[in-house]
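After this come two complexes, each holding chain A, first together with chain B and then together with chain C.
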Partner chain A sequence: MAQDMKHKKVAYYPGCALEGSGHAYNRSTKAVGKALGLDLVELKNWNCCGAMEVKNVDPKIQTYLSARNLSITEQMGFDTVMAPCNGCYHNLKKAEYDLAHDAGSKEVNSRLSQKAGHKTYEAGQVETIHALDWIKRSIGEDGIRARVKNSLKGLKIANYYGCMYTRPRHIFPEKDQGPGSESTAKPHFMDDILAAAGAENVDFPLKTACCGGAHTLSDSDTSTKLVLNILTAAEACGADVVATECPTCHTGLEMHQIRAEKVLGRKTNIKILYFTQLLGMALGLSAKTVGVNENFSDARPLLREKGLG
Partner chain B sequence: MPIHEKSLIRPENLREQENLVIEGMDVSGHWSTFIESRAVTDYNEALQEEIAALPGGENIHRCWQCGSCTNACTVNAVNPEFNPRYWIYLIRLGMEDELLRDKDIIWQCVSCNKCTYACPRDVVPEGVMKATAHWLELKGHTPKSPSMLFDEVFAGQVIKTGRIEDGLVLRDFFKRTGQPLNQPWLVAMVLGLVKRFPLAYLIKLGIATIRPDRTRGWGRARDAINEYAEEVEAQNRKALGLGAKGAK
Partner chain C sequence: MDRLTIDEIETRLDALAARPDDALARDAVRLADDLLAMGEAVLEAWLDARGEPPTEETHEGFRLLALHRQGARGNPSFNACRETCRELVYHRNLILAEPDAGDIARRIRLGAMVALHLALFIGGKLKEAGLGDFCCSSRPIRRGETIDTEPETA
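Take a look at the complex of A and B:
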């Protein structure tokens, strides 16, 4: 039933967030992979991608950080690396673009790689994909429909993609390529996957709005306003749940949902879940297996009401 | 979304006219002069070059002032004074004093890249904002912003160990910015964490803040990055006509 054997076994780059605050995303991604018979082989000795921060010290250092991870992917014999975190995914894509188009980045990467004592990564050797691409390409909507044990029927979802999954456009050459490809203006891969799992997606205009993740601690008041805007819009659209595909967005939504209540006195009741948690439960995994108990916004009563988990 | 342009009415431009009669009509009261005629003599002709010399600012010369960046801007929707188009205009004209009026908010760019997405001229306004914030700090016009302090804490940890540990970054950042850890929302989050996370995982998180995860064999990469980072810093300072770090 698998559409694409190439993605049955891919290199896996969890990144720092998935080992910390995004633990539930790591757990649910692995559980979904196992349930679907997909192999994830973790990169050996990977390093942090630099997130949104190192580039402000110097962008070429950030490019090197991702180039090292791509070099490890290649050394392990893989031509595809999957990153579930938008930040990691974005930075691997950006490094790929810069190494192909910017002589300065290429030169610094080569110099740092030599000094660090590993093979210099050259553009074009490894393709970076997101967890959404991984599910779409390996199993696809038909594959999901055939495997759903516990349909998400009756659950209304606002799909939230954030910034780093689609912007800037030029580092995602495979997007905006017509039917079947992802759209940078109105992404739909998560919508497609969750619809196949039985959910009802609401028409959500803030799919790619910013949650202020880069300044979540350094300018918390701005981030709280941005998150409150996203959550109230999702509620106004009639959603029960905001589905996320990035640990920084997810943690930001959860943290500022609490902060909006404590600081601004604005309470929102919408629940925030990783798309892998929702997909996992549709595939018959328990709420505990996909780490729903680790989320701050407690979705368990809602899920019980809908007969899930 | 409407375009919020910067207000032209500034407190110093308001004039009180006690007895103003024009063509027999009494028009006394508060009047805004909007823009007073003046000769601008304080241009910094090197301003655009200096911003362009810093990482992110390279393409500023391409701007043709369409305003797509400000129209798309996330922060502008929260604060209308946050206006990338206007700042790019001032930098290109060399109007440093005008730019300095907004020196305390330029660092607030959240790097959502909506401007870069909308820009028809590949100016990369997000990069220009970061370069401008960096310029303000290097020139001593502003103290290090909370964002730059966060970047330094974060980058310091990545370069040292190859990895990041969330709790440690949060703790170091609060320490460096002098913020107490017992803020009501943070306390609520930690209590939620203790209540819901499996005990074994909490213990693992606790250990990680004391002895963070490291990338094995990272030492040589760390030394190479540090050496390069020092070079870049010296280059940036030189481009702005500043002496070596520490020397005044």
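Take a look at the complex of A and C:
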């Protein structure tokens, strides 16, 4: 894919998770951006996207929450916002779709925007991209290869995208557009990026499987079993590491890996790392700089063994 | 195969994955179809719970895919297992394409893990029914639900 100047400097919407449980993702995303010469400008006074909860109260309010963030993006002079969290990314995309296709959502957004005293966001003004799009489009595989200082060679990776990065398909019109575009059935952007960094990707059949994140409090046992199965499958594929690109999935995999051992007596040894942590180390950043020490799943011995970090 | 419950399917898949390699290799062809049948039984359980007779039709040559389409109707969060169903069909085909492959036991185990994911996902949805959405896809958009968001009155 050719490098794209448009995405060298984008608005950045970290979302709530990246300020909490996904702190290492925030840290490693910023560090990778810096190492690649990309600019991220954080949205001023951004709000929560409503994640998985608000839509169950009122989906139009949820649409408004994302529309406000898109309005801020526009007011800051950007036409692109990057969201590394699958939940935030999904909700921004959904709001975009909603505002273009649903008169009721548009009306509620207009009314609440006026009441809140900011410009009403109109569909089509801002492009929402994921961290994977950001790196793939602005740097590309050739650009990564040229910048690798510490190849991931010898590291076998199961790339895990979770279920929100590609679903529902109709809110991602740019996907499934043939060569170069992302696939909703078999996503590959993370595979492409990490392969360019030298990693060996394994053929992983559960790359878009649900991790049970939304279930984790109401039915922890099901979440634990779902995660255990994902991790076991990754191990069966020969992977050393599961690479993630969603803070909810990442936290779920880490927490339920521990819980599976405690509750079900099933231990898995596979390590869980954000793709930005892996890419960062390939670019020559230390394990500490990309927050590997913040992960529950301690990959440091494995990384040392592979000559990384 | 008699209609199995989702719990029975989970138990059966766990047992299958624990079998020695040579036992799996000997039964590869039968197990490939068993995996598909277990996937169908999981979706039948979902449809039964919704009071819908499971279809006997096929989609792209597979009843599993037709059952998924039926189950997803009016329930977009069900689409989160669309690729799982397709992976299960792929693994069944992969096993049948080369039943004597050197890594056939591994292929069968991976197929069993895909089927187990389907069982856990649907089992979880059934448990949670009535407590809200299981996953985060855009239910309101697809169903065209109307929610009362009338303007406040002074």
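The rule is simple: the second predicted complex is superposed on the first by the 307 of 309 C-alpha atoms of A that agree within 3 Å, B and C clash if a C-alpha of one lies under 4 Å from a C-alpha of the other, contacts with A are read in each partner's own complex, and residues count from 1 in each chain.
Assume a residue touches a chain if its C-beta (ideal position, glycine included) is under 8 Å from a C-beta of that chain, and two chains touch if they have at least 3 such contacts.
This one's a predicted model, so the numbers in the text were calculated from it and none came from an experiment.
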Original post:
Thinking of the overlay built on chain A, is A:Thr222 touched by chain B (first), by chain C (second), by both, or by neither?
Top reply: both
Original post:
After lining up the shared chain so the two structures overlap, which partner does A:Asp98 touch, if you call chain B first and chain C second: first, second, both or neither?
Top reply: second
Original post:
Of the two partner chains, chain B (first) and chain C (second), which one does A:Lys262 touch, if any: first, second, both, or neither?
Top reply: first
Original post:
Where does A:Ala17 make contact in the superposed view: on chain B (first), on chain C (second), on both, or on neither?
Top reply: first
Original post:
Which chain, chain B or chain C, is in touch with more residues of chain A?
Top reply: B
**OP:** Scan A:Met76 for contacts with chain B and chain C and give back first, second, both or neither.
**Re:** neither
**OP:** Report for A:Pro168: first if it touches chain B alone, second if chain C alone, otherwise both or neither.
**Re:** both
Original post:
Touch check for A:Gly50: first (chain B), second (chain C), both, or neither?
Top reply: first
**OP:** Could you look at A:Val108 and tell me whether it touches chain B, chain C, both or neither (first, second, both, neither)?
**Re:** both
Subject >> Contacts on chain A seen with chain B and repeated with chain C across the two complexes >> reply: 51-52, 55-56, 58-61, 108, 111, 163, 167-168, 209-210, 212, 214-215, 218-219, 222-223, 225-226
Subject >> chain A to chain C touching residues, read off their complex >> reply: 51-52, 55-56, 58-61, 87, 90, 94, 97-98, 101-102, 104, 108, 111, 163-164, 167-168, 170-171, 185-186, 205-206, 208-210, 212, 214-215, 218-219, 222-223, 225-226, 229-230, 232-233, 236-237
Original post:
For chain C, which residues are in contact with chain A within the complex?
Top reply: 10, 76, 79-81, 83-84, 86-87, 90-91, 106, 109-110, 113-114, 116-117, 120-121, 123-124, 127-128, 131-142, 145-147, 149, 151
**OP:** Show which residues of chain B lie in contact with chain A when the two form their complex.
**Re:** 55-56, 74-75, 78-79, 108, 110-114, 116-117, 124, 130, 134, 145-152, 154-155, 158-159, 162-167, 170, 173-174, 177, 184-185, 188-189, 192-193, 196-198, 201, 205, 208, 213, 215-218, 220-221, 223-225, 227-229, 232
Subject >> chain A residues touching chain B - in the complex, by the definition given at the top >> reply: 16-17, 19-21, 23, 45-48, 50-61, 64-65, 68, 108, 111-112, 115-117, 163, 166-169, 184, 209-210, 212-215, 217-219, 222-223, 225-226, 255, 258-259, 261-263, 293-296, 298
